[in-house]
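Chain IDs A, B, C and D follow the sequence of writing; residue 1 opens each chain.
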Amino acid sequence: MGSAYLINLAFNGVILGLIVALAALSITLVFGIARFPNAATGDVATVGAFAGLAVTATGGGTAAILGFGVLTAAGLSLLFYLILFRGLADKPPVASLIASIGLAFFVRAVLTFFVGHNQQVYPLPIVRAVPFGPLRVQPTDLQVIAVAVLALAAVFALLHLTAIGRRMRAVADNPDLARASGIAATRVLVVMWLCAGALAGVSGTLLGIKTVVSPEMGWDLLMPAFAATILGTIGNPVGAVLGGLLIGLAQELSTPIVGFTYKIGVGFLVLLLMLLVRPQGLFAGNALVR
Amino acid sequence: MSTAELAVTGVQKRFGGVTVLDGVEFSCPADGLSGMIGPNGAGKSTLFAIITGFQAGDEGRIRFAGRDVTGLSAVERVHLGLGRTFQVPREFGSLSVRENLMAAAPGQSGENLLAAFLHPGRVRAEEAAIRERADAWLAFLNLAQVADTPAGRLSGGQRKLLELGRVLMLEPKMILLDEPFAGVNPVLIGEIAGRIRELSARGIGFLIVEHNLAALAALVNHMFVIDRGRLLAEGAPAAVLADPAVREAYMGGAA
Amino acid sequence: MYRAIRTAALASLLTSVAAVAVTVPAAAADKTFSVGALNPVSGAGGTYGTGMQKAIILAAEEINAAGGACGTRIAVVAEDTQTSPEAAVLAAKKLVEVNKVQVVMGTWSSGVTLAVMPITTAAGVPLMNTSGAPAISTEDKEDLVWRFQATNGRFGQAFSEIAALRGFQRPATMAYNNASGLGNTEGFEQAWTARGGRLVSKVVYEPKQASYRSELQQILAANPDVVVMGSYLPDTTIILREWFQSGENPDLKWIIPGWAANEKLVEALGPEVTAGIIAVDSISNENAPSYARFGEAYARATGEPAGANVYAAMTYDMMILWGLAMQASCPDLAPRAINARLRAVDDPTGEAVYGFAEGKAALEAGKTINYEGASSQLALDEYGDVTPDFSLSVITDGKIVRERVVSLGVK
Amino acid sequence: MEAYLLAVAVIALIYTLLTLGLNLQYGFTGLINFGVVGFFAIGAYTSGLTVLAGWPLPVGLLLAALAAALASWPVGLLSLRLRIEYFAIVMLGYAETIRLVVTSESWLTGGVRGIAGIPSTSAALGLQADPTLVTFAITLAAVVAVILVTRHLIASPFGRVIRAIRDDEDAVRALGKHPGRFKVTVFVLGNAVAGLAGALYAHYITYISPDQFVSLLTFYIWVAMIMGGAGRIGGAVVGTVVLMVFVEGSRFVRDVMPGVAEVEMSSIRLGVIGLALMLLMRFRPQGILGTKGNP
């Protein structure tokens, strides 16, 4: 078990971690501003992946898959806010959490009802890997890295460079402000839900490109994404990304020790240990602000 | 320096870059009737939370009843006889008014799960005694007619009284009241003030944080003024309210 | 006018109720035998369940068309297991207690069969299944459970047979962590080591992952010449794609069960990646007249080729074999009596028959018979398990081309 | 027909036990437990293995409750340090981890192949009676016992404090009582009931495997509890009955409406559960029967 083996494992962990990080960032945005862990995030990602599939029927490539998947997921996310979560805003966060689980089930049920349980695959060409020293890098890996980094950069730019982003951070910092400033808060929420949906869409389509598209893919993504969110402190975008990477790395690098069946549990173990030491998350500090 | 007092020395608290409390120092007799005022953002609520142990200060010490309680939890401070109410009443909304008071009684063996099942006789006897005490306080606070009503259905003023009743079940040496008059109609304010005076006469100490200066000045014997995280003035209510520095602080705070 | 319509509606409702009330005893007088079709109509087995149910009904129709078994018509009561043990238990209770069925056939997943067995056995009702788990044989203490599918272990033996045929020296295994995945690869390992071979590496993986690269890396590091899989379609798709993309061991060959190495896999990965994959599947008794008859009826009823659902042929055989056993047991139609005759109508020394009418005629003529099924030659062994043949196919230019049939031989 | 209804009733009673346990935790104390199925599984495996090893049934049931209680104690302590939303997610992960351990430690649990041939209740007790009937009697007795104990508990000083914790934890602290001790006790107690339910399930179905313990069951129980009204003992029973009528009723709906494609039934069931969760939260968070503010 040489260092080349470990380097490859670590690389796998990073790729996996980036996809998880995107979903985690979506969850953390919602949590920072709407104040509940959104369990429907994974299923919005699934719908994004299926939407991407629809464009491939008309001959779309990777860019078209991503674009359409992201747009659909963003629109769906906004729709869910308008018809469900807005009406729950004045109830305890637990109500929104439980409703979001219901929504996740419902979305999955609708998907399986119409498309069945069978897997689907994006008809993209399969290309051989390029060796970089001991590392074997697949072209899809480079795509995943590029898209993920771009998406993350776009979100951080939005949060820090635009007026609406600053307002989002302000609302995250002080929920009373949201109540006080009426219409402005609605605009913040609309942008936030669009943004969260888009991130879920990126995560879903990238997962679809890497693997296969199936109705359960998003729900399966949810647990590691939740873990990453908590790991990096809920409401902290940088933390969510680092949390995702940490979980991906911990899972893959632990395999020589714990084997392959337990590796899914490792992500959770890391989370538990961290919570014992730092109940507030790794990057404690107030929410989206700092 | 008497042992029966609440003493605060050098308390500091910062949130991020903002200093909320900057070395507050004061002391008041544990059986006295004292008030605390200060403009919005002066740090009263934070100080209140630090005294009662609901928040930890960055520096400084709290002494109560002859002990340094700085490191003690909120629960332990209650056991030493330091009770509190909340600014926005935090009644147990789904429990009846009587249950609210009964829940507060200390040292109930029925709160131990095993005892609740294994010693039904003892628990029943205790319950009867607790109920009697609760009803007595309800009568004192003029809440007897709503004893069986869910607390969530009470009016704002009644909730304040309920919270007071709940603290009284603890048989505290001293009670910290957080804005007992806020949002209460004038008639009820008079009633609440009357009850406080009577309790004070029975030897229970009070420290009352309040925005209603007139009502507070009429009630307390001694007043502290907090501004920008420090003690600005103290003394008899009339003298304190006449102090130019206090007036200045209130004007500045309003602007 | 309105009132008239209402009166008419009411009257017709009453008559239809009366009609039902009359037909039930009439049917009973005509002697019917109730059979429970307990299939995975929804859930993970949903792809197969409906077809399995149809096949049972087709076979019952065939029996009834031939004048019934022992003068008795077959009535099929269908239920859904939802591919869940708990739902299956309730469904089985309903079949046995409410519908009073005297045999239950067509349970699919091993978990369901193991959960239903105690109920049917306690009621003295035989259970016929298409599950793979070995525990089914050992738990069947009263010889009331019959298996029409190859056990996981037999699949493993077939893999080993094929690996040896192809001259592989350094096999590795990868298994999806469930009973079937493990059963296949462990069956392979057992059979392979019994031949004196050894595995160079083996991995058991948790399903539903975004990537299996770390697992694959461990396998490839051992430099095997073939990987034997106990896998399903989604994970197989991802694993093969990652293997191909990595560019490592490009000459590596794969032996994959037929339910994973199928047209969908080729569609997902294309001809280049799938070239040379060896697909192994238990096959129906394709050259037998019974299969031809079944295939034609199945296609007519469902609009799908019989080959699309290998389990449908098995449930068809369950019903036909049971009908023949009823005939052989005549006039004693107690479930246990019929159960005891199942091997007698599958007697290797008997005259080969390929359908119910033919078998019934032979039995009436006093002959011993051997029903050659549509799914396999059956040949029920001492555990009540069948011995089907396997196909060895190779994916070439995106097409799954069958090379040969592998028989493990009847003990 | 009676025997089938009895079989359905046994499952309904087992679910009722789970709902009662969760109701104690969430309905009366406000603890969010998304790991119900994990403790159910622990109970099932513990009793199944114990009785298979030759111990009598009562020992199996007792150990099942104890094991579930023991497994929930450390996470119960953790709950005191975590925000409520963190804890909700941690519990989802914990149940999944329990399933993972059951799957991986095949030397003990049979792994993915599960454990077959667990003695039924009547077999374990050495009775000749119908196992469904015996399980029904035991489960009914357990439900009645849990209801009686819960009622006594809720009316006791202990119960008063946990209801106070649900309404306002900080106010309880201001009264000099540690909410933590009460929360951990309730958490452990509720999960012990889930463990007992798991044991009865194991001896009823007689075959257990990791596939039977997926998170969907947890949410079934949540739906049942919320439908009946959190914080109402009778609500747990009513909610479970409504749930079972829906789940089992779909079996008969298919007989009446053959037009509904059969393969899609599982999608419809999942969708209805999801829709129920959303609508209940949105319009009747106090449950079908509950009245606002007075549970």
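What we mean here is this: a residue touches a chain if its C-beta (ideal position, glycine included) is under 8 Å from a C-beta of that chain, and two chains touch if they have at least 3 such contacts.
Note that the structure is a prediction, hence the values are computed from the model and not measured.
Shared contact partners of chain B and chain D, listed by label: none present. In this assembly, B is the chain whose CA centroid lies farthest from the centroid of chain D.
Averaging the CA coordinates per chain and comparing them to the mean over all protein CA atoms picks out D as nearest.
The mean-CA centres of chain A and chain B are about 46 angstrom from one another, to the nearest whole unit. Chain geometry summary: the mean Cα position of chain C and that of chain D are 34 Å apart. If you average the Cα atoms of chain A and of chain C, the two centres end up 40 Å apart. With centres taken as mean Cα positions, chain C sits 74 Å from chain B. In chain C, 46, 177, 206 are the positions where the chain touches two or more neighbouring chains simultaneously. Multi-chain contact residues of chain D (touching two or more other chains): 100, 103, 263-264, 266.
The complete set of chain-chain contacts reads A-C, A-D, B-D, C-D. Taken in their complex, chain C has these residues touching chain D: 41-43, 46-47, 49-50, 79-80, 82, 84-86, 89-91, 93-94, 96-98, 110-111, 114-115, 117-118, 122, 133, 135, 139, 177-179, 181-182, 206. Taken together, the chain C residues at the contact with chain A in this complex read 44, 46, 177, 203-206, 208-211, 213-215, 217-218, 221, 233-234, 237-238, 241-242, 244-248, 264, 267-270, 272-273. Those residues of chain D that touch chain A in the shared complex are 32, 78, 81-86, 88-90, 92-94, 96-97, 100-101, 103-104, 219, 222, 226, 263-264, 266-278, 281-282, 285. Contacts from chain B toward chain D in the complex involve residues 52, 54, 74-75, 78-79, 83-86, 90-95, 99-100, 102-104, 106, 108-113, 116-117, 123, 126-127, 150, 152-153, 166-167, 169-170.
Contact residues on chain A toward chain D in their complex (touch as defined above): 31, 36-37, 84, 87-88, 91, 93-99, 101-110, 112-113, 116, 223, 226-227, 230, 234, 261-262, 264-265, 268-269, 271-272, 275-276, 279.
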